[in-house]
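Mind having a look at this structure? Questions to follow.
Going by the order they are written in, the chains are A, B, C and D; count residues from 1 in each one.
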Amino acid sequence: MALLETIGLVKRFGGLTAVDHLDLQVNEGEICGLIGPNGSGKTTVLNVITGIYKNDGGKVIFNGKEIHILTPHEICEHGIARTFQNIRVLGSQTVYDNVRLGLHIQTKSDLFNIIFNTKQVREENERIRKIIEEALDIVGLRKEKNEITKNLPYGKQKVLEIARAIVAKPKLLLLDEPAAGLNTAETENLMEIVRNIRKRGISILLIEHEMAFVGGLTDKVYVINYGKKIAEGTFNEIKKNPSVIQVYLGTKGDE
Amino acid sequence: MSLATLIQLIFQGLNMGLIYALAALGISLIWNASGLFNFSQGDLLTIGGYIMLTFFSFLSLPYPVAFLITIVIMGIAGYLLSKGYFYPMFQQNFNPQIILIGTVALSVFIRNSVLLTWGPNAKTYTNPFGSKPLALFGVNLMPHYFWNIVIVAVLVLALQMFLKGTVIGIAMRAVAQKPVAASLMGVKVGQMISLTFLLSTGLAAISGILIAPIIPLTPEMGGLLAIKAFAAALIGGLGSFGGALVGGIIIGIAEVFFATLVTSTYKDVFIFAVLIAFLMIRPGGIFRADISEKV
Amino acid sequence: MDRKGLKKIIALIVVASMTFFLITGCSGSKESGEANKGSGEGKTQVLKIAHLAPLTGSAASYGVQIVEAAKMAVEEINAAGGFTGPNGEKITIDYTEVDETSNSAAAIDAAKNAVSMNPHVILGPNRSGGVLAAHKVWQEAKIPAITDATSAQTTKQGNPYTFRMQISSEYWIPILVKTAVEKYNIKKPAVIYGLNDYSKANWVATEPAMAKYGLKPVTVQTFNDGDQDFSAQLVAIKNSGADSIFLYGYTPECGKIIRQRVELGMGNLLVFTERASTDPAAVEIAGKENFEGVVTSTTLSPGDPDPKIQEFIKKFESKYHRTISATHVNHYDSVYIVKSIVEKVGLDREKIREELSKLNNYQGVLGVYSADKEGNLVHHMYTQVYKNGKWELLLEETYPVQ
Amino acid sequence: MGKIFDTIKNNILIVIALLLALIPVIGVPSYQFYIIERGLQNAIIVISLVILLGYTGQLSLGHAGLLATGAYTYGILVVSYNVNPWIAFLIAPIFTALIGALLGIPSFKLTGPFLVVTTIALGEIVRILILNWEKLTGGPYGLTGITSIISNSKLMFYLILIIVYFISVATSRLSVSKIGLAFKAIKEDEVAAEVMGVDVKRYKLLAFTISSFLAGLSGAIFASLTGYLNPDSFTFADSATFLLMTVLGGMSSVPGAILSSLAVTALPEILRFMARSRMVIYSLVLLLIIRYSKQLSSVKISKFFLKKKNKEDLVVGGGE
């Protein structure tokens, strides 16, 4: 059964149709790729799925529920977490607190308990600390726990964002160009992290220009251009697809 | 309400509206260049009026000479203010909210400095356009109503032409829209922001000069004026000159009609309520301002 | 601990002690004036007067005037080497002005500050809000205070230490109305007043005064302090068919309204107004030609031919190069009233208070003062009209003391 | 030696509280005593702005209106309805919180100057309503005869001190909690916060509600201290002063807020010897503090008050 399904998804900006009747499916346990040339509407798809943009047509069904009518935070509560193309970590907070933000929906403390610092709050803080440290271990940031985030190098901020996303215990993780701007070693490391995440039962939909990355990770790839799906299949299949080669691989030289 | 009353009220509203518009224009100008919302525009206007008073009334210089001197002094003051105070804060990446509070503090400072320099008594000077109303079909109109319309129209047009038609103006707009790109193109961003302040304080000087014969100068006069000007700028669309003009006139006329038809007691409440409702429905104002980018 | 940490600690201590000691520290030095309190005969003693006045803020124009007037009196007395107390001791005046910032809450700060100087008498505050906010301060310290242009409420708080240099509006407004009806034969009065305690009280006194003559205001308009445009109110007055305007407010607004009425072609409407409009600033704002025919009630008329008053006006104008206004004159006299009382009873606050409450027909430089039950001191009133660029006295009346 | 410093540093709130608790004991004169009381009362409203501006990034220039709401609610209940002062003291902040929550609604859509002007407008509306609703508020005459919660001035001082201390501790706890983190996330990046499950609207509303509650509490204490209320004490200029105190205190430091409230409340009083020029000097000092706030807060005083991990909060110019 499909975990995430978009049916005839449409998003317009003024006269421009950024997403044009798009059908996607991500099954449980899968890593899916979403590729296409610059400006083909990939990030817009993620923004519509996560509720940042309201769609102009079609449906987004997640876990059997229509989620396109929900707000972003409700969608998060349903089990979708994401990262951003231009990192959106809280620069002036610590690495620890950034990950803690991912635990927002799982933290139950209310104002009363917080103000009186009740046992419940203290126990929860302890529990949270363990989860955060574990997540930091996965992405290898344990040492930088108390650093101010904006002082970290770019690559570490990127994986921090992933750590923040996974502590939210999503069923589906959306990654927007996770490898962009990383060097080869960092990319290798990232692939390892993504595989680890999948092992934890989290399905993944990722956008990426780095073809080695896509090829090495994905079970299935969707190719879109001008918001329309032009191909789908395994990486090896679409690599040979003539229309993909025409519209997409032709621009590969830019990357 | 008779037709004469109606026309009378429209002119009265227009008269005050243009004053709000002038202050709103200065606010929009600085907003455009630096993304700074200047809370002290009303007080800059006050100080312009007082400088004019000094040269025109106390030192008895001819009107045009005093007019020019005032604009030059205020312009230089604005330039220095930006160079010495505000621009360094931009440069050091201050939180924009703090710079904004800086303009609030500036307003307190100006008010008290004026009080210390010129004393607390209300001051006014002879209306150069004449102080006798013209009675036309039962409507009484002061000559300055017409002059102010002309002067404000000329000012708005001149500003538009300056910003669209001159090299400096284009550079200013470039700084306003894309500061990083502009600096890469060799535009001196600090210089341009300071020049915008110069324009804006110069504008405040002109406004102060025009207002002084209509509204007696007091150290505190900028306060209420400024709040109306903020409303005018936001309703018209922050950053838009046409918007400042339209917003000012709308507020001036709405205020006088509400006061006449409903109650003068709550006219300010009415204006503020309209402002809030307006912002909730159309946050960008009539001439949509871009509210997403700058803070 | 490294040096950096030490620096931080020092910074902390500096800040903490700065706030703490600067506040507490300034108290000690002020006591010195009190050292002379003991009645050593032949020695010079000091009468301490603290003057609470709005030197900054929206009412600053009044503050400056009253301080100037009081200072003038103090300087005159001190220049003559002070005065002689009941036991033959020489007494000079130590006068301090304290800014009450035109704000009621700040008036409490200012009053506390004034009281901390331990004065014998407090002058001011100048605004009703300030008095109402702060009167308990001088009551607790048992220091008599003489306030100025405040509303009648200020002396109705049951505070025996509050005295007021102002005629009750319940008295002078009937005179103004009488003048309007009997001399100017008005039929359809309109009322416009500012939304502040003082002006509001004047309107409250106006209604019954008019009712006495069977008149009812054809329209009642209000404005906010600091307003710039009054056309809505004036047009409403015009449309109501009024033949006269009763105007109560602070000086700038009075001036603006008197002018704007002419600009709206309503110059034929008679204006009856209050002492705020006798301020030269009101005339300047309105323009002399627009002021023609305005009738005001006041505690001092520059048009009064009394030589004492003319002499005072001359003296004041040559000292401050400013035209005199009725607002300040009583503060000049208040200093002399205090002097005359101290001459009699010495520097005992309780005795000063008692004498103030018994004040009877004191012949001041500018008027005759008597205290009523509530502590109001002024009971002399002028009505004047502005004619040919000058104030002309219309009538003079003295209010009977209950 | 170093240990002592560290102890002070870690318990700075207790140290400040203990220092202040000494004041009634050593017998400060009534004037200075009152100024300190007012300073502490201002500290409560400044802490309310720390939560709103420092944590959540929402700028309000209408807090004088909220202060007025709390003060008048207390005053009217006590004077006109003979309500027990303690009960009025509880109702006032709750009612203010309800009014203040309304302020939160524009913040869903508006940011920057748009929100600021809206808050100014709401503050002015409150002031004008109080000025004209004479039957209830006394209008321009003001509201007289308000009884204090506690008539003994020393006990009143301790009550205020305990309230300030409790609020400070609670605010510090809030700061490091889930809610505090959500506030800070909204300040830095609303989209990221929303996507990570933070109901941004709800939390903005919460921030405005908590902030208004504290403003109302400060107002009730104000009414209790002055015994008289007049609309002229709740103007735009007062809102601006509270904001300046917040900036001076480092925007998100609670001990900083307390010290700056005390200092800025005392400043015009300290400057009294300058007579007429004192307000000029006062505003000049404020201008300079703002101009050098970055240096001040990142180098010296305020930094001291933060635990290491929150240090960056204080670099007030910390980017957008």
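Heads up, the rule we're going with is that a contact is a pair of C-beta atoms (placed from the backbone, for glycine too) under 8 Å apart; a residue touches a chain by one contact, two chains touch by 3 or more.
The structure presented is a predicted model; accordingly, all values stated were derived computationally and were not measured.
*Asks:* What is the set of chains touching both subunit B and subunit D?
*Replies:* C
*Asks:* Let me check something: if the centre of a chain is the mean of its CA atoms, which chain is farthest from subunit D?
*Replies:* Between subunit D and the rest, the longest centre separation is with A.
*Asks:* Using the mean of all protein Cα atoms as the middle point, what chain has its own Cα mean nearest that point?
*Replies:* D
*Asks:* What whole-Å value do you get for the distance between subunit A and subunit B if each is reduced to the mean of its CA atoms?
*Replies:* Their C-alpha centroids are separated by 48 Å.
*Asks:* Based only on mean CA positions, could you tell me how far subunit B sits from subunit C in angstrom?
*Replies:* Each chain reduced to its C-alpha mean, subunit B and subunit C end up 35 Å apart.
*Asks:* Any idea how many Å lie between the Cα centroids of subunit A and subunit C?
*Replies:* Their C-alpha centroids are separated by 72 Å.
*Asks:* Averaging over Cα atoms per chain, report the distance between subunit A and subunit D in Å.
*Replies:* 40
*Asks:* Could you pull out the residues of subunit C that touch at least 2 other chains?
*Replies:* In subunit C, the residues touching two or more other chains are 56, 195, 224.
*Asks:* When you check subunit A against every other chain, which residues touch at least two of them?
*Replies:* none
*Asks:* Which residues of subunit B are in contact with two or more other chains?
*Replies:* 112, 115, 223, 265, 268
*Asks:* Between which chains is there touch?
*Replies:* All chain pairs meeting the touch criterion are A-D, B-C, B-D, C-D.
*Asks:* In their complex, what parts of subunit B are in touch with subunit C?
*Replies:* The touching residues are 1, 5, 8-9, 12, 15-16, 19, 112, 115, 119-124, 131, 133, 135, 140, 142, 214-216, 218-221, 223-225, 255-260, 264-265, 267-268.
*Asks:* Which residues of subunit A touch subunit D in their complex?
*Replies:* 50, 52, 71-73, 76-77, 81-82, 84, 88-94, 96-97, 100-102, 104-105, 107, 109, 111, 114-115, 117, 121, 146, 148, 150, 164-165, 168
*Asks:* Looking at the complex, which residues from subunit D come into contact with subunit B?
*Replies:* My answer: residues 53, 57, 59, 61, 105-106, 109-114, 116-118, 120-122, 124-125, 128-129, 132, 236-237, 240, 243-244, 247, 251, 276-277, 279-280, 282-284, 286-287, 290-291, 293-294, 316-320.
*Asks:* Give the list of subunit D residues in touch with subunit C in this complex.
*Replies:* Listed in rising order, the residues of subunit D that touch subunit C are 1-2, 5-6, 8-9, 12, 16, 19, 28-32, 34-36, 38-39, 128, 131-132, 139-142, 144, 222, 226-230, 232-233, 259, 262-263, 266, 268-270, 272, 275-276, 278-279, 300-301, 303-304.
*Asks:* Contact residues on subunit D for subunit A in the complex?
*Replies:* For subunit D paired with subunit A, touching residues are 170, 173-174, 177-179, 181-182, 184-185, 188-189, 191-200, 206, 210, 308-313, 315, 318-319.
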